[in-house]
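Here the chain labels run A, B, C and D in written order, and each chain numbers its own residues starting at 1.
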Amino acid sequence: MIKVGIIGGAGYTAGELIRLLINHPHVEIGFIHSSSQAGSKITDVHEGLFGETDLTFSSEQPLNEVDVLFLCSAHGESRKFMDANTIPESLKIIDLSMDYRHKESAQGFVYGLPELNKKAIQQAVRIANPGCFATAIQLALLPLADKKMLKNEVHINAITGSTGAGVKPAETSHFSWRDNNISVYKAFEHQHLKEIAESLNQDKSNLNFIPVRGDFPRGIFATAYTECDLSVEEAIRLYNDFYKEAAFTFVTDKNVDLKQVVNTNKCLLHLEKHGNKLFVISVIDNLLKGASGQAVQNFNLLFGLDEKTGLNLKASAF
Amino acid sequence: MIKVGIIGGAGYTAGELIRLLINHPHVEIGFIHSSSQAGSKITDVHEGLFGETDLTFSSEQPLNEVDVLFLCSAHGESRKFMDANTIPESLKIIDLSMDYRHKESAQGFVYGLPELNKKAIQQAVRIANPGCFATAIQLALLPLADKKMLKNEVHINAITGSTGAGVKPAETSHFSWRDNNISVYKAFEHQHLKEIAESLNQDKSNLNFIPVRGDFPRGIFATAYTECDLSVEEAIRLYNDFYKEAAFTFVTDKNVDLKQVVNTNKCLLHLEKHGNKLFVISVIDNLLKGASGQAVQNFNLLFGLDEKTGLNLKASAF
Amino acid sequence: MIKVGIIGGAGYTAGELIRLLINHPHVEIGFIHSSSQAGSKITDVHEGLFGETDLTFSSEQPLNEVDVLFLCSAHGESRKFMDANTIPESLKIIDLSMDYRHKESAQGFVYGLPELNKKAIQQAVRIANPGCFATAIQLALLPLADKKMLKNEVHINAITGSTGAGVKPAETSHFSWRDNNISVYKAFEHQHLKEIAESLNQDKSNLNFIPVRGDFPRGIFATAYTECDLSVEEAIRLYNDFYKEAAFTFVTDKNVDLKQVVNTNKCLLHLEKHGNKLFVISVIDNLLKGASGQAVQNFNLLFGLDEKTGLNLKASAF
Amino acid sequence: MIKVGIIGGAGYTAGELIRLLINHPHVEIGFIHSSSQAGSKITDVHEGLFGETDLTFSSEQPLNEVDVLFLCSAHGESRKFMDANTIPESLKIIDLSMDYRHKESAQGFVYGLPELNKKAIQQAVRIANPGCFATAIQLALLPLADKKMLKNEVHINAITGSTGAGVKPAETSHFSWRDNNISVYKAFEHQHLKEIAESLNQDKSNLNFIPVRGDFPRGIFATAYTECDLSVEEAIRLYNDFYKEAAFTFVTDKNVDLKQVVNTNKCLLHLEKHGNKLFVISVIDNLLKGASGQAVQNFNLLFGLDEKTGLNLKASAF
């Protein structure tokens, strides 16, 4: 069994991670650290686990007793944690924050998008787990970028579920406000643009990205289009070829809807051609392929396990 | 024009009240006081008013300059306000909190349920506006109580929208948690039981009341049943008779659903008889008939206006 | 009083129209025709009207007894109706379908977007009421088109509520499927593109439009951006100037969300500049400004009434 | 591997069953019959399966080639199927309809509630899988019935998700109507009362049951109360003792909410005592513990497998 430690255990991504790891056949949870919830039962904080675990949140962080550490704290906290603690050299680390995603400040962390970096991940010690918007959008465009076919502006719109904004209550996550409501935030300026641009070898200004707050808790529904010389058949062939080894990313020939992937680690892509524009729909679950599911996928790769171990999830579908 | 002042202007009931008063033909808003939002535009805080008003929140409370005062602060604050300020004797007051609803501490406030107390309201100076659950449940049972036919236990279940819990974000009003979720709180012990029991001349222990948090923002859907000797036809006749002068409360012969009253000041009642049980469904909009709409109805009665003035609202229906 | 007839009275737009007209001070409803519901009470079909009307659906269409006719049938049915019936010449007609919206087949119908065509509407006899997507998108771009500033491609994404798809149950309007779900349909090829392109004097191929099915019943949330030389201040000035006479269309300097307009006849616009792109958010209620509310606005203009008569609606806000 | 056949493969319970069986380590799907969808891909009909199966719906029903048959057709169809076909004697059958649930017409089918009938199920050939409301309500009351402590009337309210009403679109499952709406149906007369009364050894008239349509797709939230002499501690001890062998039914000492069980096969129970009333909350997922999950649990018992095989599901939680 591989022993796992979790830092920042009270947030949404940690909860989802625990729900996954509790059923993972090769995992034993060593500790789940939380400064705010130390001493509380896991089941008092995280929905859906009652009857499955008696674990409590720990105030200790015995790094020497685990094989791998998941960092689930807020952005900025991971770097503080790394600076403040003596990290055993052999300790594998998967960081779910954005602190080590960008090349110039990665400090040895490998960007953990398996569809882009599988080999590097398999040989890595430390992983920077991608952002949720970033995952959906990169998977929509990577095959084109790989063939240097992203030569024109890209027009991206992506609608996110409310869990993307975290557990801390805010005006825009108040049920009375958000239910049946839609709004835009950080148009053209979302912080994920940087990691997207790096993976796609694009200038950020080439990527027009409108992030939208949706009135649902889970999922990212992204669309992207750009001028492209390929016919739709050629594009589908290109995408199928690029993702032929991917464990969770699939191209469908039918229109897709968000709930096809909710509560799974999958990304579904659908391609259409309209005039000279190639149009791509990309859907993921923001807490799974966009966060904790991808973290487990990276964990599997780090430890030489089958990439899908513990991730054959039943879609909620409804 | 009747000049109106509002205390506690930044909350949900104040927002709804402003949305009503802005279109009321006999109202001029004198001031809207808010300690938290003084100086801000009303439209920066309350949805749906842009283009309709340039008012700002005031830090002043010039009580002498208005004819009527609506108290929209949290429970407990109204009494503090009354104690701390010199209230002009002629100033009419409509208090939306629970501070003066109970007989032993009413201090001259008349309980403002028009279906029960219309004449007293018309002659009153100060009104204690009923609670939302209390309104829906009393209207379901008043005709029986009036005829001393509430002789057995009553079994009540009522599902409330999230706006009932106010604007302050909380764990149970977080969209990620509340969406598609249901939960019970304060079973058998909700604070509205006291005002309900007083109006119905019942012992509280006779009223079994399960309050439920619903996953919708507006409305209260209440059911109640009790043993009753009347046939359904007799019961319907009794209810129709009792409510024949009511401006907003109606008995329907078809099954009702919540959205039939959302965004209106109406209460719809539907009666069925099953075995020896009389079963009543009662639906209202918690922010309107359950709060600010009823406050305006009381305002109309206080000032001798037609009870429906400013309350012919288009139902949202969807 | 102006006597009104309604054809196709059982659908969503007719229901909304009746909810409006019932409170309109200058309207008397002559008949509401429905082939499917003839003989039924209006309140048995349309939510939210109980207690407000005793009208029933009619199987007759006494065109000579009314001053104005609203056509609320499905697309294609209005033209059939006009061809099959002898229409009194003086009878004013407001058609909510798309049958007469396009110039080459308008047959004397005036395109009823008051912000574009107010004078023509005031002098018209027959009005083609605009589509819901079309209204939101045109209002986002008209000031630029008016100044011939739409010289580059426009990138539009608009999310619609489920009522836009009508009362007839379908797979994509099934609650179990649509709740918390998102999907695209008719990307780049929506039928409203034609009326939008005509009003904006654009080639359709210049307008990249992604229509999205949202998981809410009411409203359209549209975004649009295009390269533009104006600064954001200049653009705001241009828009404010263009809409200075508009009764319901407003430019706000704060970010907008959909519920600010739900259950109102308003359109709110918000402008931002990012790099060389002018970015516009436009929100309306699809059943009001996008259908029946705009129809009443056109009715007011046709009969020389104040444009806002009967349309000072309380926003639902929640 | 155990070979499985499915009849009525296009409905919601069949979809959920397929999503479960596809990951069940001891199952091989032999055929999925559907008269309406024969020839179509499973993934064209059932959400969430893309990338996991290439199966198609079959027009054949080769009963001799499978070890067990799941009947997922509408109520009434199972009995027709059994009458019309020659059923191999050794073929195990799990019927999800209500056709064989009642004792007088069970024809050898064992009522498949493992918490009540585990031993009988293990030795059975044919299983009548319980109803969703019936499961939630029985689990709330079985420990009392077992001790003959159900001596007084029971007051039950249960709110169901829309998937309970099936895939066929209807007025009450139309998104535009159901979203943010609540309604009651079949008060005191729901068809599940019969199986509940049989299991609890009660007269139906003793069980006052209000079924409610909720505005969410998955889950049943049930409350029940009755006069009871036990203290809450005694009641909790009784329930814990009764369910100590149960694989999926748990008593919690904290208030429960519906989403704690959504997308799991669990039932959570919470007990309170108020005056002389014992109050129980019971939550399940209607498609899992209330239908297909319980069917797989019964399948495991029929074939001597661990009861939880294939049912360690990740809760969706949000």
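Just so we're on the same page, a residue touches a chain if its C-beta (ideal position, glycine included) is under 8 Å from a C-beta of that chain, and two chains touch if they have at least 3 such contacts.
On a predicted model such as this, the values are computed, not experimentally measured, just so you know.
When you average the Cα atoms of each chain and compare centres, the chain farthest from subunit B turns out to be A. Counting C-beta pairs in contact, the pair that comes out ahead of the other among A-B and A-D is A-D.
Centre to centre, using the average C-alpha position, subunit A and subunit D are separated by 34 Å.
Chain geometry summary: the mean Cα position of subunit A and that of subunit C are 39 Å apart. With centres defined as mean CA coordinates, subunit B is found 45 Å away from subunit A. Contact with two or more other chains is made by residues 12, 47, 161, 163, 176-177, 179-180, 215-218, 257, 259, 262, 318 of subunit B. In the complex of the two chains, the subunit B residues touching subunit A come out as 12, 47, 161-163, 167, 169-171, 173-180, 215-217. The part of subunit A that touches subunit C in the complex is made up of residues 155, 157, 159, 176-177, 179-185, 187-189, 205, 208, 210, 212, 214-219, 221, 223, 225, 255-259, 262, 272, 274-275, 277, 279, 281, 318. Every residue of subunit D that touches subunit A in the complex is listed here, in rising order: 12, 15-16, 19-20, 23, 44, 46-51, 161, 163, 179-180, 217-218, 248, 250, 252, 254, 257, 259-264, 266, 268, 287, 312-318.
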